[in-house]
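Both complexes shown next keep subunit A, but they swap its partner, so subunit B is in the first and subunit C is in the second.
The block that comes next holds the complex of A and B.
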């Protein structure tokens, strides 16, 4: 008696499994992408907070003197503000980079610190600091 | 007769199915682990940013109060005036012992449920910030419990 070939059955199984794998792989890839995006967001937020805190503390320790605070951070300043630029790995750069921190005095011994990626109206983190002169 | 009898179709599972099930399981587990780790990292970063923001809100409030005392001191306010301002701002004001001793003003502002920012000013010949520090508002109780199985309930 002639035996039945199993090849079509194997092919059907392979095709079905390939379809199933493709569906699950698509879902999992979306999850991996979401995880990567969330991870990047949390890294940006942590770095932005650290740098904003550093800038605020420098400015406070310089008795609310923007130029002195900028000198401590090794950069130059305008009359009422200074900017710090960072590359994608949050290393300080001389010119415009991926991220920007701006410290601007808002009068009354206060300063507003904004850290943003591309658009200042969509900041990653903002902080308001106030200084008191000793003496 | 018997040989013509049709056998019911069997559920066959080849190596392809096993490999795909294994790959899908691995992918799913790694994807869930990645998402949960990233989510935990983001929540930690959020907490950090909230903690820093809360500190600077309390810091600004304390700076405003210190500035009020400074303005009064610059305008030549005496101990009574400082004491009145202190009571209106919820601060504590005492005169240190001695003839020309400065007024010691202390106050604190809550940062969050567990921390407060404590400030001490000495106002006399000069205006000095003596203390500006974070203090705990509740006593820390270490968790020294050791929830291990002690062997209770084992029959002898």
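The block that comes next holds the complex of A and C.
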């Protein structure tokens, strides 16, 4: 008994520590991923709000004329709407990109602005603008 | 044989310890990387987006007849916001000078240097473009890899004082 090795006990201790550590590491990694996701979403929301406000201001400055507003932004428009496309760093692109902003007139001097990533039904930000006649 | 078994156990123990240490380092490195990414993103957002919000708020508060103009002071891009206080005309200048956004409030006829103002925050570049055809100001703020821009509609149009 006296001469029995303590190595198996040490091994068991180490394995238990490793298992505990693995559990905590998994929790930590999940938290890191969640933090990164939250930060990314916050950044996307910030950019989406800014671009929605910009689009609304362009539309208002063009006296609620979609075509004129699109021309100011250097893009083309159809009868009632225009789309802006952005890459992952929110730089404006000519074709479809990572993010899309759509400004659509909804009657009564109003326009609905939707900014989304992939699915328009899951917008990052929506804004309703209303043009008020000057003077 | 027993000696060899003891050596094997010790090696296994050392190997597990090594894996344990490597895992700790990996988790620490992952955490540090995430923290660095988040703090960098926040810093870039803070500088460029805060500057944009600041300028936009100033512009909106001065959006009255003859209140806002854009141009240059001492070769620096600048926005001028006019205010009448007891029959005296004052101007709030917001401009980019030597890698920073500056602000100066003084009488419209006062002479000054760009360095006389108060530094708001460091920015790589700022530009203001007043589109007179549509009363729209385009503000572009650049901070390292991050460029943020905003269009602001000035309902009252450009002031003709400058």
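Note that the second predicted complex is superposed on the first by the 127 of 135 C-alpha atoms of A that agree within 3 Å, B and C clash if a C-alpha of one lies under 4 Å from a C-alpha of the other, contacts with A are read in each partner's own complex, and residues count from 1 in each chain.
Please note the rule applied: contacts are C-beta pairs under 8 Å (C-beta built on N, C-alpha and C of every residue); 3 or more make two chains touch, one makes a residue touch a chain.
The shown structure was predicted, so the numbers you read here are calculated from the model rather than taken from an experiment.
Q: One more residue to check, A:62. First (subunit B), second (subunit C), both or neither?
A: Touch status of A:62: second partner only.
Q: Touching A:22 in the superposition: subunit B (first), subunit C (second), both, neither?
A: The second partner, subunit C, only.
Q: Could you look at A:41 and tell me whether it touches subunit B, subunit C, both or neither (first, second, both, neither)?
A: So A:41 only meets subunit B here.
Q: Quick check on the superposed pair: does A:14 touch subunit B, subunit C, both, or neither? Answer first, second, both or neither.
A: both
Q: Once the structures are superposed on A, label A:109 by its partner contacts, choosing first (subunit B), second (subunit C), both or neither.
A: It touches subunit B, and subunit C stays clear.
Q: Take the contacts of subunit A with subunit B and those with subunit C, and give the residues found in both.
A: Shared contact residues on subunit A (touching subunit B in one complex, subunit C in the other): 10, 14, 17-18, 21, 25, 28, 32, 35-36, 39, 43, 46, 53, 134.
Q: Within their complex, state which residues of subunit B touch subunit A.
A: Result: residues 12, 14, 16-17, 19-20, 23-24, 27-28, 30-32, 34-35, 37-39, 41-42, 44-46, 48-49, 52-53, 56, 59-60, 63-64, 66-67, 70, 126-129 of subunit B touch subunit A.
Q: Which of the residues in subunit C end up touching subunit A in this complex?
A: Those residues of subunit C that touch subunit A are 6, 9-10, 12-13, 16-17, 19-20, 23-24, 27, 30-31, 34, 37-38, 41-42, 45, 49, 52, 131, 134-136, 145-153, 155.
Q: Mind listing the subunit A positions that touch subunit B in their complex?
A: Against subunit B, the touching part of subunit A is residues 9-10, 13-14, 17-18, 20-21, 24-25, 27-28, 31-32, 34-36, 38-39, 41-43, 45-46, 48-49, 52-53, 56, 109-110, 125, 127-135.
Q: Touching subunit C in the complex: which residues of subunit A?
A: 5, 7-8, 10-11, 14-15, 17-18, 21-22, 25, 28-29, 32-33, 35-36, 39-40, 43, 46-47, 50, 53-55, 57-58, 60-62, 68, 72, 89-91, 134
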